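Next come two complexes built around chain A: one with chain B, the other with chain C.
After this line comes the complex of A and B, so read on.
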């Protein structure tokens, strides 16, 4: 680090700085100079386990690493069951559990509520289109009772609803990509993650696990430094045992 | 611009600190670092904090061998007697480095670091200093620096004839771009002999004087910054490589002697702040705590804070973060940080970096990477039950998907559940547990059994364990003593009877025999002393003799548990020993002593540091502060 520092937009479009480069050896010795305390690492892992709801892991980890956690570990359980319900497609159950846990959560989050109801609609459609002679009636009545009135008030909801209903019109195994993504299970993951975040936020806990932000920052920084034409060995996350 | 004449209001704000006397800032040793509170979450603060840790590892290692908690170099003395002894400024110490406790409201935030540069890895890794006072090497002959090197007075001779003659002073260090944003304030103590106040005609059309003021105060003082080679006989801004905001006309000057209309004039009692933002190479000013617009763009080069003066009696006092600022720089800083993270958040990491499958979304790929990081971290530390529980939880999560019919499980990662039970990890877990229970004998035996090469490769860790064993022996003596009911008389008897070990025999059959325990401890201590008396470890920082002296101090007290050295006996001392042993085993097995998760943090920290070297938005990220602080 030089004391004589030059100022400029730097990372973005700064003047051509002398090209830097590090061999693996040089880079690793630089890495070794960064000291991270065990307590901090443990806290980072614990933060992830609690926020993302890995309860038994959190309990064991607290024991083995001798961490006293400030967050009540049993509060994870509710969130975990809600998440499992959504992952399993049992949206009605999830909504009931959410209301038991926090009766105001869905009322104060119309977008979240809508995305859950639409997920429920998708699950009904999935059921109905699974067999050739599926009954379409439950789908239609659910859409009319629960979604239509909401969609009228919000144009974005309406678009989503229309798109979802289009699923009924096309054969399941030959959907346009835009429709296929609605049937993709990763949508359940997304909805579950949003519900988890909303519950945490209502409990005054941060929404996102720090670990997620850290991995994202790493990806961003790795890319940014490459673009500055600095030569350094990439971190390989692919082959972690 | 009603702020124009609000001088009395802001004066009260700053004058609450006028009794504060900072002892000679310039006299401080070069290895002390002061990081103002508003910079605590920057890349710069991370560099300094990391160097502080590195410097303290030496003392920590020595302390670890004896089981004492890592003692902080910085907290053992008070390098910052800024507040007249009324309040204690916050210092970083090793143990709570990542979480400075919040300052009491209204107190200036300061973190002090005391680095022993000799112990740092390499000279090029020593972080640069922040500007902290005016420089005796960078001051015009017409000026006087005093008051802890923060105050400057124009002493003369006055600039004659040539309008362009002036005097300038610059700070002791240039601004390191790693800090992202540097801010300082200058309080005008006196506008000097030729500064003036006059009545303005109400018809003035000047944008800043239109509203109400009829009295106008001006000073011939300029606040700004300049490069290292700028001559000190010109106002900042008048010559190339210098920038300034001038109190006589409220104009800004950027490297030339024609100004640009910018803000209000300023004079006695006004506080002018100057901020340089390295995200985009801009600078802005504040007057009496209120921000003015952007003053300069496209800033380049090495920049020192600077002040210029032109007439006798002019007097200013600078604040480089030693006192509370009139302007709320912390909010400004938070906004800058939020901007950076907003951009990072929207960035989609390339999948090939994460090693995700083609079909997977970036979020799924991130999740899978995190799961690998966590299970490898847990296994690395020998937390075998945690690994099992975690993999079980993950499995449960994936099962939830496959439970429903008709759902393709394409994005479910099955590799995680296939991680084999790691026998070696289980063995390391057993050893760790033994150390944590204080059963050092068992730990020694298990290590010999499972990993016979460790002590051969790393005699230090053996020494560390033996020291801990002695400490544990003393600990059982202390505990045995406490568990017996002993009044003062008997206590003296016992210490007299130390040699006569049969006295207590049979009295407390259920409990360990105190005298036997003491004897065993003494014998072990002697053995330890014999074998390590003249030994030093070439490759290490462990001071063997000091470590031995420390733990033998335990024998000097009849009741070690209530003695001044009781901290040596604390159970907390076991964890660092267990960790060092775990690392030593991993190294001897040809594995990295660092878990992939730790590597990721180190790698990301280094990436950010490289990126922030030239400023830019990366400077607003502090990995330690933003992700590791509990």
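After this line comes the complex of A and C, so read on.
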């Protein structure tokens, strides 16, 4: 694939023609003339693999391309395991893994910690409302011990806590939308994504793979060209070898 | 999780696996949970953790044992990442000692990282000035670690190594927060840091996306912190390959990098020896000034961005202002450019936002915004230092109210730094005579300053000081006058000052004293209130300090106090100071202090026979002249390793000492006849004076000519009988110059003749020593003042028979109308305030 890291609007400097355009050969040769260093390309790829979480691929790639990365490559797996734990509702496990991987994270990120604790609360509620005579004691004591004092200091936390506790009052299958979303698995995915980003940020890596940004940039540039009524072969994923 | 009650015993277990499990449990129960942290601390967990961290196993390295140490270190760092009430409980000597001990290459890297995290967090919370004193091996260990991990990083860019290096660099300014302690660690830390910074600058140009900018900016800041003049010159002479990448970083996308590059460039810029220092500022080599000029837009942009970010710049990084202060401190084009960009107004808008807005606001406000406020005030003080217009602008923008409010805020450690900055502003503003007489008549200023001078370390800090095993240097034998402070009693145990511990205190007092210097001049309306508030004993105490900047500023203040004609003040000062102290200061090892002490004597003896007598009576006539002789003979002697530039920069002070000593003689000679006899009688000094008439500095020459004028001035009654006194002699003041004082003495004619022969004899003595030839030479002196006074001197000396053509004893003595006979030179440039030693 000939990746263009930057796209210049290839305006002809000649007299304005009614329809500007590039044939495929012209386009391709213009693309080829943009020099992108191998180092930068490798870095792009590494960056993608790390952030998206492909540890063994990253390790192999690092070896083959002979590059070193400032991110601990073997921590990719750890990150993925944390994500998996959260997806599966094993919050305590996730918390403990976070504490192993990055002990400062929850100390310095109270909102994130609160989200996780609230997830834990939800899981406890899920358990106790599963059966009609479920014991709500664990729920209450968890809420009291870990969440109440935080909520006191922070109005946003308080609102969240109250809403979560409200889950105890209503039957599972007939929840108002605000409450229903708390029980929805998508909440887990949200929290997991936030945790992933926080870990990456702490590691000094950007939150999103640079590649994604570049693809968006490509799309924007194509739009800009179209508005200028320039004809060009647009990027079709099928064409990428 | 193991319940809290059960956990602690398991921590003490000998079985490493059990210990490890307990540590993990502990970790998971406290991270993010403040109450649990408090509860565990109550139960003594700190002791256990420190114990585990300190275990060193000899022989075979046991990974399990290492892991336990690591986990204990991590747990400890979690305690540090809490609310201040909790993390401050970690600040014990045992904790610091344990942590510092782990800073070696032999510690497992994860433990090293945890310890560094803990240390940097704790030291940011509570800056400890004397950490380097307590742990003298620390700079060396850090230096080794930095070198080791730098090499590792450049070979193989591993995340943990980067983190370690970053934390090490973060730690550097924290172990040596004050200027002087930074200089003390620089010998070990400068080289590894230069290597690191230089390497990272090269690296960043080749490696593209993956380079770690946080490490780079932290390393640059660390280097800027410890940079010595010598090292800075090295870097500057290494040329563009170092400075160009730095300049490029000024345009980096992130603020931290831009700021760090600006800080380092500023340090390089200001550490070279200045070419010239004058009342209009400091002049440096042109290429250095150009370098500084490029910093201005960067710094101003950083400031503008911060202000635009909202809340009138309340969240501005204080270092931006600090760096601007350093850059502007030198006056000149750089300062002008900043002011053109509106810096004064911008800073005052921040100050006004952030400062307490009534006189008795609590220190709580200042704790949050302390660094920002002190940086802003320092910047203002720098801007006004050499320029009267800027001083006016500062007042007009409304800064004084905030300054006074700060001075009157209750004392806490956080506030102290801000008060120092406020003192600097006051000192700057007091350079304006106009302002002294008008806007600054605020009694709020007086109370605040006196409080600062009498301040002992506050209650909060004391527990830490008492526990610390301090390294004390030889206590100075104190003179036996007890020092009473008006505000707090200095407790007995602090008599042998450990300068390191009380360094913050000294810096405060030095700054306050600098402000005092100008406020006590005789035309200052604040003089009386300040003296009434009992400032004298505090100034005297400062003059005894071993801390040179304080001693210098105190002596300066004393000099200003005896300036002028107020006899009461002079008496009061002498009763507190005493001649032994002055004599001691005249022999001080620091030449600038000597200058001030000699000037003190100059002011003391001005127009005052009483004090000349007092000087002779207390010190002894011969001793006085011996002292003057020594000072007139002073030559700057370079130490073996001083560069020529060092010599050049201290040379002016040696000359000033000579000038001051000469004027002491001028004043003695302006006394009565006994005093003049004393001068004539001390031949060595007299000869020196005559010799010095050829000194390269015109002020020295002028002082010598005045001496001759005074020695040969004949008092009125010694005219030929019947001659009326010439009106031109009585109490005439020449423009801008010395004032005449004369009591009109009515003497009988016959004693007049006797006196006249004494005058003649004195004149002949001068002639014998070659004064008349010197005067002849000075008729062509390039300086007008010297030529004019030479005419007077020649006329007088010739009238007394100095010119061999005149012989008659009844010769009338006339004085040329250009001024009165008494060369009573007003002492000391009142406006020349500062100690260059001020931090």
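The definition used in the following text is that the second predicted complex is superposed on the first by the 140 of 241 C-alpha atoms of A that agree within 3 Å, B and C clash if a C-alpha of one lies under 4 Å from a C-alpha of the other, contacts with A are read in each partner's own complex, and residues count from 1 in each chain.
Rule of thumb we're sticking to: a residue touches a chain if its C-beta (ideal position, glycine included) is under 8 Å from a C-beta of that chain, and two chains touch if they have at least 3 such contacts.
This is a predicted model, so every value here is computed, not measured.
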Chain B versus chain C as contact partner of A:96, first or second or both or neither: second
Chain B versus chain C as contact partner of A:104, first or second or both or neither: second
Touching partner for A:148 - first (chain B), second (chain C), both, neither: neither
Partner chain(s) touched by A:40 [first = chain B, second = chain C, both, neither]: both
Comparing the two partners chain B and chain C, which touches a greater set of residues in chain A: B
Touching partner for A:136 - first (chain B), second (chain C), both, neither: neither
Which of chain B and chain C A:210 touches, first, second, both or neither: both
Overlap of chain C and chain B interfaces on chain A (superposed complexes): 37, 39-40, 43-44, 210
Touching residues (chain side chain B, partner chain A) in the complex: 47, 50, 53-54, 57, 97-98, 121, 124-129, 173-178, 228, 276, 278, 280-281, 299-303, 341, 344-345, 347, 349-350, 353-355, 361, 363-364, 366, 369-370, 372-374, 376-379, 381, 383-386, 388-390, 392-394, 396-397, 400-401, 403-412, 419, 429, 436, 575, 579, 595-618, 621, 623-624, 626-630
Chain A residues touching chain B - in the complex, by the definition given at the top: 1-12, 14-15, 17, 20, 27, 29-41, 43-45, 48-49, 54-57, 59-61, 63-66, 83-84, 87-89, 126-127, 130, 184-186, 188-190, 193, 209-225, 228, 230, 232, 234-241
Residues on chain C engaged by chain A in the complex (per definition of touch): 24, 27-28, 31-33, 35, 74, 77-78, 81-82, 114, 117, 156-160, 162, 207-212, 214
Chain C contact footprint on chain A (complex, rising order): 37, 39-40, 43-44, 46-47, 67-72, 75, 95-96, 99, 103-104, 106-108, 110, 113, 146, 149, 203-204, 210
